[in-house]
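Some structures are shown below for you to check.
Here chain A shows up in two complexes: once beside chain B, once beside chain C.
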Partner chain A sequence: MSLKKLMWRFRYAEWSSLLFIAPAILLFSIFVVYPIFQTIWLSFWKWDRISPGVWVGLDNYKKVLSNPEIYSAFSHSLVFVLFYSLIPIAVGLLITLLLLRVKIRGESFFRAILFLPQIISTVVVAISWRWIYAADGPINSLLTKFGAEKITTAWLGNFDTSLIAVGIIGTWINYGLAMILFLSGAQRISQDLLDADRIDGANMRQEFRYILIPSIKGEISIVLIITLTFALRNFDIVWNATQGGPGNSTNVPSLFIYKSAFVNRYVGEAAATSFLLAIVILSVTGLLLLARKESND
Partner chain B sequence: MINIKEKTIAYFVLALGAVIAIYPLFSIVNLSLTSKSNNSKVQNEFFGFYLGNYIEAWQRGAFNHAMLSSLFVSSCVVLLTLFCAILAGYAFALMQVPFAKTILVLLLFGLVMPYEGVVISLYEMMSSLHLLNTYWALILPQVALSMPFAVLWLRTFFSTVPKSIIESASLDGANKIQSLRFILIPLAKSAIGTLATLLFLFTWNEFLLALVLIPSNTSIQTVPLSLSFFAGNRRNSEPPVTAAAAVLVALPVLFAYLFLQRRLIRGIISGAVKE
Partner chain C sequence: MFKKRLGILFAIVTLMITGCSSPGSDTGSKANTADVISQPVTVEEVAALGDITLDVWADAGEEKTMKILVPKYEAMYPNVKVNLTLKGFDDLMKTVVPALAGDPAPDVVQGNQGYGVDGALVKGGLIRKLTDVSTAYNWGSAYNPDDFGQFSWSEDGSQYGTGELYGMSPVGEFVGVFYNKKKLAKLGITLPNTFDEFATALEKAKKAGETPIILGNSDKWPATHVFGLIQGAFTPASETKDLITGKAGSSFISSTNETALNTMRDWITKGYFTKGFDGVSADDATAKFAAGNGLFYMGGTWFGGTIGEGLGEDAGFMANPPGASGKHAGTGSYGLGWHISSKTDALAASVAFVAMIMDPAFAPSLASLDRIPSATATLEASSALLKDMQDAGKKMFQDAGLTFYLDWSTDTMYDVYTAKLQEFMAGKIKAAEIMQAIQDNWDTFQKSRNG
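Then we have the complex of A and B:
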């Protein structure tokens, strides 16, 4: 910015506006901005809240990055990205494509029901699914009914199935959101365009690529941002469904942070991990926002 | 150009989606109404529904406390956030705020930052201020964390108000506070209402902050936290009682959703498109 422009800004700035933004900015600074720096500061110390802290520089990062538990936690996050974000988006796109020409009656009724998983407390969601997956729960009794007793199991308690089982909970939470936003975006597509297209002999694949995707890319990127953040954080569902177990089979970074900060009291390591997690999430959302801006310009 | 077949498939798919969305809830309601033993069935029946699990969950879980405390926390967070965000949103939309761009980028940063990035520091802060396990520890950080969303939402709305309306108000001698109070806020009523609903829902459902910041004061624990402790407690491990507790806790939100869902979903759709 040139000096002239800066001076111009200073002259025409309404300094009284600072009074208007003061309460919001003050609260935001004290309880969001300052804690971010405090987290970074803490990540350079070895501290257990009891004995005095010791400055260890980057040791906590070295420790965290050489801990296999962290890698398994982040790899579980990748699986959750698939189940919480990519599958719901794929399902949403497929259904939107299918419904492209249909004028749906009772749309607001379907919307209200499809949105339900988003408004219910994650704790209630986890409890319901704990029952669905339970050894004597609905899935297993259905399997038994069809003579497949052999594959019945406690789905959340089994090392082989727990990760996917928790993943499916996320698919259930997010597919409705994707459907609702995509369907509402698709309403901007004019029926004339679709009709003309069909006369020209376009098949569904072409419709998908050349009509649907370009017209709802704004919605796609918003759903990507919301669901990716959800997948990478994902504390509530994991905590209330499995607590990361059995073993570490559903452990995720946010659970690792919680346990090391508040159960084992490795405050420095926990702070280092939360800084790393925040960086990962911020770069993913930052890239998506950038891509979105670029395609809008 | 729509044929019957296409239409049938469409409705079938929608209905299937709706059934899947509702099934987990249906299944815990179902579970919560089953009785553990056959002899107690006679006592707590209501139009043929067995309600014993509900009575047990309500008595053991003390959810009336949790609901009041959630109601209090969520209302405080919504009111405080709205007050600060309306002022700031107005300034960012209609005044020449110095360093506006920098501050807005910071807010956007705060919007996408995960709570995990601040939760440890918030715990240390509240602990050194002796505010852990108090309402303050839950209200103040949540107001601050809701601020980016609220300010950006209201800024977007206020900047769509035609400039002529605001100019004519200032010609009539209204100062900034008056034009905000008597012209902009009435115009923004429905946007503010939607925002308030969303903020209330987010705060009501917040779990991690409650778990960290009010870990050991059962009298002010919010609903999600006390349900989580209730379900994790071995003493309450009979699934039907836990299910009843979950249904009880979900009921007020479901009831409110019945009335607010149109506004809520419309808000989310329009917000998603604008942001």
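Then we have the complex of A and C:
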């Protein structure tokens, strides 16, 4: 929408209609808009939650941006985008495609099972995976059984494997969401179209490219936005699985915010990091929405 | 019309921004410092407060102690109802400072020694000095006054280790070496008396195919306790304490610390610790040792209950084996300090509460819960393991060997120390690099503290 159009709407909108959504606006303002403004406001102060705050302007932003650890934390988030978003989408698409072609008995049961990781508390998930990944856990037992003892390790405690290991937990949680949304989208595809396509001799790849993807484009972008946001602001899985360790090898921006705000009481720095993280997330989702709109047009 | 609407929008945004007033401007303390305690508080003085509720915040680890203390207190001071809030350690540390800054604040709380929590409480004027209470109750004779430094601060909270007393704890908590007696006998190893003998015992155990030391370090802090033990054998305890309390000119960069770090790394290379220790939690490691795995477990006395329950008569505990100095030293301190809010309206009741838990007459109750009373009087131990821990405590207290916790030294030291130690243990950085990182953090903090 152009700025001119927006201004026109603003000028001539029927403002009395706003009364109907006033309760929602009020709640949204109190619980979402006000905290956002407050966070931005706090990011300009040096405050330890005890003494009166001191106005420091952009100092908190300078401090955060000059900390090399924050860049490595953001780079870990980018790795998580792959594991929390792109791989689950790929797995979800694959399962959807398979279920389109192959009818399985008790499909809804399997669907429910595959969706289960989505509804389990992430704390429970992280702790379970800590056990699965342990040096004497089931993964290493299996590897030992198959003669691969040499590659066994404490997957979450090893600097070289911890980031990927945490990423895989995210994949396990998110692929169910992708699958369920894709399957619901795929139900819109008419059976006639699929039959005609198969009579014409389309193979799986063609069915995937020319029928499935265009039919569930909307669902794909929704899953992409949800999982990308999850990947970038991820806290609970990392905190409960590794606390950002070993060293800082799985540190993410949310951990910085948590520690700054609640452990070290550098509230201004925590607010500045939060605002920067929000900008990154908004930019990424904004770009995705733009791309979606353009492809729709 | 358009201008009017723009005006409304502008007003909303302005309201949002101005609604965010200067942070912390309404948290100023209304310090209740006028009343000086010159004599032990009497029942009549507390009764004069009328029917009141005393808000007490404590660490969840105090639950059993509170179950004994609170009924005793309420029976002695029937006009007071104790409203006890127990919180997990992490939760308590994150909430106690803002809680005392808020209104209404709890009357009595537990903090944590060092700049992170107690330092903030003193700096913010949120807790009351207890020097007068200590004098009135003569804590100096029941406890070793040399140990009071860990609760002492200058009034502005800038100097730690000296000055006024702001808190106190009736128990000692320190890291020592738990051992499995049955396995020691099986391996033909006699209990080591020195650090060298300890290193030889580790070597012998490894050769016999045993895991010499059980360690779980996914929580990041357990390895710092192990390092504290090794450091105690090389670096004089006073040097470590000077650094932690912020004494000018202190340094973590020393040849003794370097030797300690390299010894730790050497033990890792030799496979003395649990395989994949960075992926094992502290609780899981303790459970493993309590189930009979491994020969030694370097852990705090607070694990005594779990280990004693698991190993039974086979559980033993010894003080950190001393290095060349012959002095027992290592990570440890008094327990979390008890503090009185500077805003309390029930000063007499608060003082009576803290005094009751600090009373040496309460020490047997603490010992009955497998805790190590820091009072100097000797107590009868209820189990062999507790006796071991009490004996070890005596050695540590006598040698003034409790080196506190390095993370007390600055408000961000915990993050730096734990992360760098993991990197060092994994061979990612050298001893010089971790020492420099710790020193840089300390220097930066001292600089900011001294303006």
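Here, the second predicted complex is superposed on the first by the 251 of 297 C-alpha atoms of A that agree within 3 Å, B and C clash if a C-alpha of one lies under 4 Å from a C-alpha of the other, contacts with A are read in each partner's own complex, and residues count from 1 in each chain.
One rule holds in what follows: a contact is a pair of C-beta atoms (placed from the backbone, for glycine too) under 8 Å apart; a residue touches a chain by one contact, two chains touch by 3 or more.
Quick caveat: nothing in here was measured; it's all calculated off a predicted structure.
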Partner chain in contact with A:45 - chain B first, chain C second, else both or neither: second
First (chain B), second (chain C), both or neither touched by A:53: second
Contacts of A:157 with chain B and chain C, given as first, second, both or neither: second
Touching partner for A:267 - first (chain B), second (chain C), both, neither: both
Winner by number of chain A residues touched, once chain B and chain C are compared: B
Touched partner set for A:15, first chain B, second chain C, both or neither: both
Contacts of A:245 with chain B and chain C, given as first, second, both or neither: second
Partner chain(s) touched by A:135 [first = chain B, second = chain C, both, neither]: second
Partner chain in contact with A:174 - chain B first, chain C second, else both or neither: neither
Touched partner set for A:33, first chain B, second chain C, both or neither: both
Contacts on chain A seen with chain B and repeated with chain C across the two complexes: 10, 15, 33-34, 38, 42, 130, 134, 262, 267
Of chain C, residues touching chain A in the complex: 1-2, 5, 16-17, 19-20, 22-25, 27-28, 93-94, 97-98, 101, 116, 120, 123-124, 126, 217-220, 274-281, 284, 411-412, 414-415, 418-420, 422-423, 426, 428
Complex contacts: residues of chain A adjacent to chain B: 9-10, 12-18, 20-21, 23-25, 27-28, 30-36, 38-39, 42, 95, 98-99, 101-104, 108, 110-117, 119-125, 127-132, 134, 138, 172, 175-176, 179-181, 184-185, 195, 198, 218-219, 222-223, 225, 229, 232-233, 235-236, 239-240, 253-254, 257-258, 261-262, 267, 270-271, 274-275, 277-278, 281-282, 285-286, 289
Chain C contact footprint on chain A (complex, rising order): 10-11, 15, 29, 33-34, 37-38, 41-42, 45, 47-53, 55, 130, 133-135, 153-159, 242-248, 259, 262-265, 267
Touch list for chain B against partner chain A, complex: 1-2, 6-7, 9-11, 13-14, 17-18, 20-22, 24-25, 27-28, 31, 83-85, 87-88, 90-92, 95-98, 103, 106-107, 109-110, 112-125, 140-141, 143-145, 147-148, 151, 176, 201, 204-205, 207-208, 211-212, 215, 223-224, 227-228, 231, 239, 242-243, 246, 249-250, 253-254, 257, 261-262, 264-265, 268-269, 272-273, 275
